[in-house]
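Think of it as A, B, C and D in the order they're written, each chain with its own count starting at 1.
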Amino acid sequence: MKDVQIIVTGGTIDKVYDPTSESLIFAKDDTSQIPGILSIGRCHFTHLHQIMQKDSQVFDNAERAAIVEAVQNASPSAIVVTHGTATLELSARWLAERVSGKTVVFTGAMRPYSLGLSDGGFNLGGAIIAAQILPEGVYGVMNGRVFEAAHLHKNTEEGRFDI
Amino acid sequence: MKDVQIIVTGGTIDKVYDPTSESLIFAKDDTSQIPGILSIGRCHFTHLHQIMQKDSQVFDNAERAAIVEAVQNASPSAIVVTHGTATLELSARWLAERVSGKTVVFTGAMRPYSLGLSDGGFNLGGAIIAAQILPEGVYGVMNGRVFEAAHLHKNTEEGRFDI
Amino acid sequence: MKDVQIIVTGGTIDKVYDPTSESLIFAKDDTSQIPGILSIGRCHFTHLHQIMQKDSQVFDNAERAAIVEAVQNASPSAIVVTHGTATLELSARWLAERVSGKTVVFTGAMRPYSLGLSDGGFNLGGAIIAAQILPEGVYGVMNGRVFEAAHLHKNTEEGRFDI
Amino acid sequence: MKDVQIIVTGGTIDKVYDPTSESLIFAKDDTSQIPGILSIGRCHFTHLHQIMQKDSQVFDNAERAAIVEAVQNASPSAIVVTHGTATLELSARWLAERVSGKTVVFTGAMRPYSLGLSDGGFNLGGAIIAAQILPEGVYGVMNGRVFEAAHLHKNTEEGRFDI
């Protein structure tokens, strides 16, 4: 049994509804939804490292460098990164050029977990399995599919990742 | 990209609350929850074959033979079987002795999907990924872990599968 | 603005799913769902008095006497009693003969609140309003209707209260 | 037993999450959440009249005149209006000056019903009860309280209606 490290960066999966602004925001105290998803999934063995709570639209190389650093510092070789879907494919490809010796699986959601009826639990469940059984490399798991970093592509119209 | 066949047998994941008897039953018309889980997971590429809606406590060799037959008749080599947790390990080991040339992943849930806050989506998301990337063999995916059939063991007290 | 006292007795509204026995039970520490329903309803002004966590099938005069006592001891005159639906009408009529000077509204649910998609919030929201605006007497509020105690009747087949 | 007419105008209660724009919108085909709330509440006797799906921030006298007309044309004397919370108090006071012979109860939600954990069901359950038992007049029911139109006041900071 491998240890699995989860690196939390924010993204849609972590958004919550704010009744004052009537919009979706990150929780004011930056609380992540990921521990709740793991608890509902009765998944008790992962290690969590929350490095930020940001929309991936705003990511540039500074955020990506922070992910690389968190991956390199992680003691497990099986790693899941929760990430916004907007630039998930860019971050995955950036990491693929900079990280070796680890299995890194990016995932996220099209609908915030806190709104119910979210794909977040299904995706995280898949990513955690993938991180344990795929060979070294950088991947994305979304909506039942595994993609190598080079082949990740968000189909915004359909609301999923496709070839 | 592999096709994935899902074989539905019932189990806790598929139970619904019946307000008349105030208990958990299978839907009177045997409707499964699995299509709803896939839809929420935005997973659109699987093939579904519902062979029964039963508690796995009542399974004996007749039910297991029906699963073997459905697995052998499935055209995809990547197969997920949704199953009650009570005898999931027995069915997996029975299949491991009788099926070859396929990757068969058993999964289920500790809490019915229709009650909300269920591990069913997390588990199914993991099983669908596992079926696509594991080598031939029979496995179980529960709560973030993959087990070979021989090592599947329900820890009833903790409500999960553990070594 | 009237104060409202909520007297909690258990019933379906308060049941939770137990993955070990795969059945619906009261929480092992007798925690009620009612505070959660009030919080989701953003209803912050009620007083809560939990006197038991029991199925109303098992109620006899001892449980009904305990409800009478809690009603009589309550300082607000507007009172809601959460109660199982099986004998809700019997308890309401028993109270109608023994309590005066208060507006007592019985309510409950056909589906446990903790399972999601429950009528519990809708019913409790109605009962709290009814307790504030109805004249003295004993009533039931279920599924959008107000009934005087004498006219409460559970239609088990339809899963609601009807004339 | 009184008939109850529900007039649907939109507001937060009816918003849904749109994964493409990652924001809250009215359903593209203007489908309302109110029938779903009534179904979960097992409330089967109301009449529904959807006159628009709009944010109440954009309401001016044209929208308010449409509500007046729908109220006057309704055959039941017990009426619930679902409405955005932003200008709910303005619409209620406008109606109070123009409608007589009916009991009109405004309600809505601080959190969209479709996101789960919403106050919408609790509020609608209260409004439907209030419409049947209050005397003629215009009222608001929110979060367990009944207010006459003149005393309705949204406390945006607390996210509820208060005196």
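Everything below uses one rule, namely that a contact is a pair of C-beta atoms (placed from the backbone, for glycine too) under 8 Å apart; a residue touches a chain by one contact, two chains touch by 3 or more.
This one's a predicted model, so the numbers in the text were calculated from it and none came from an experiment.
**Q** Quickly list, by label, the chains bordering both chain A and chain B.
**A** A chain counts here if it touches both chain A and chain B, and no chain qualifies.
**Q** If you walk touching chains, what's the least steps from chain B to chain D?
**A** 2
**Q** Since chain C and chain D are copies that touch, is their contact same (over half of the numbers shared) or different (under half)?
**A** Chain C vs chain D: same; shared/all numbers exceeds half.
**Q** Tell me, please, which chain's centre (mean of its C-alpha atoms) is farthest from the centre of chain B?
**A** Between chain B and every other chain, the largest centroid distance is to D.
**Q** Could you please state the distance in Å, as a whole number, between where the Cα atoms of chain B are centred and where those of chain C are centred?
**A** Computed from C-alpha means, the inter-chain centre distance equals 39 Å.
**Q** From the C-alpha centre of chain C to that of chain D, how far is it in Å?
**A** 25
**Q** Using mean CA coordinates as chain centres, what's the gap between chain A and chain C in Å?
**A** That gives a centre separation of 43 Å.
**Q** Taking each residue of chain B in turn, which ones touch at least two of the other chains?
**A** Residue numbers touching two or more other chains: 110, 116-117, 159.
**Q** Between which chains is there touch?
**A** A-B, A-D, B-C, C-D
**Q** Can you list the residues on chain D that touch chain A in the complex?
**A** These residues of chain D touch chain A: 12, 17, 19-20, 22-24, 110-112, 114-117, 156-157, 159.
**Q** Enumerate the contact residues on chain A facing chain B in the complex.
**A** So the residues of chain A touching chain B come out as 1, 4, 37-38, 40-46, 110, 116-119, 121-130, 132-134, 141, 143-146, 159-160, 163.
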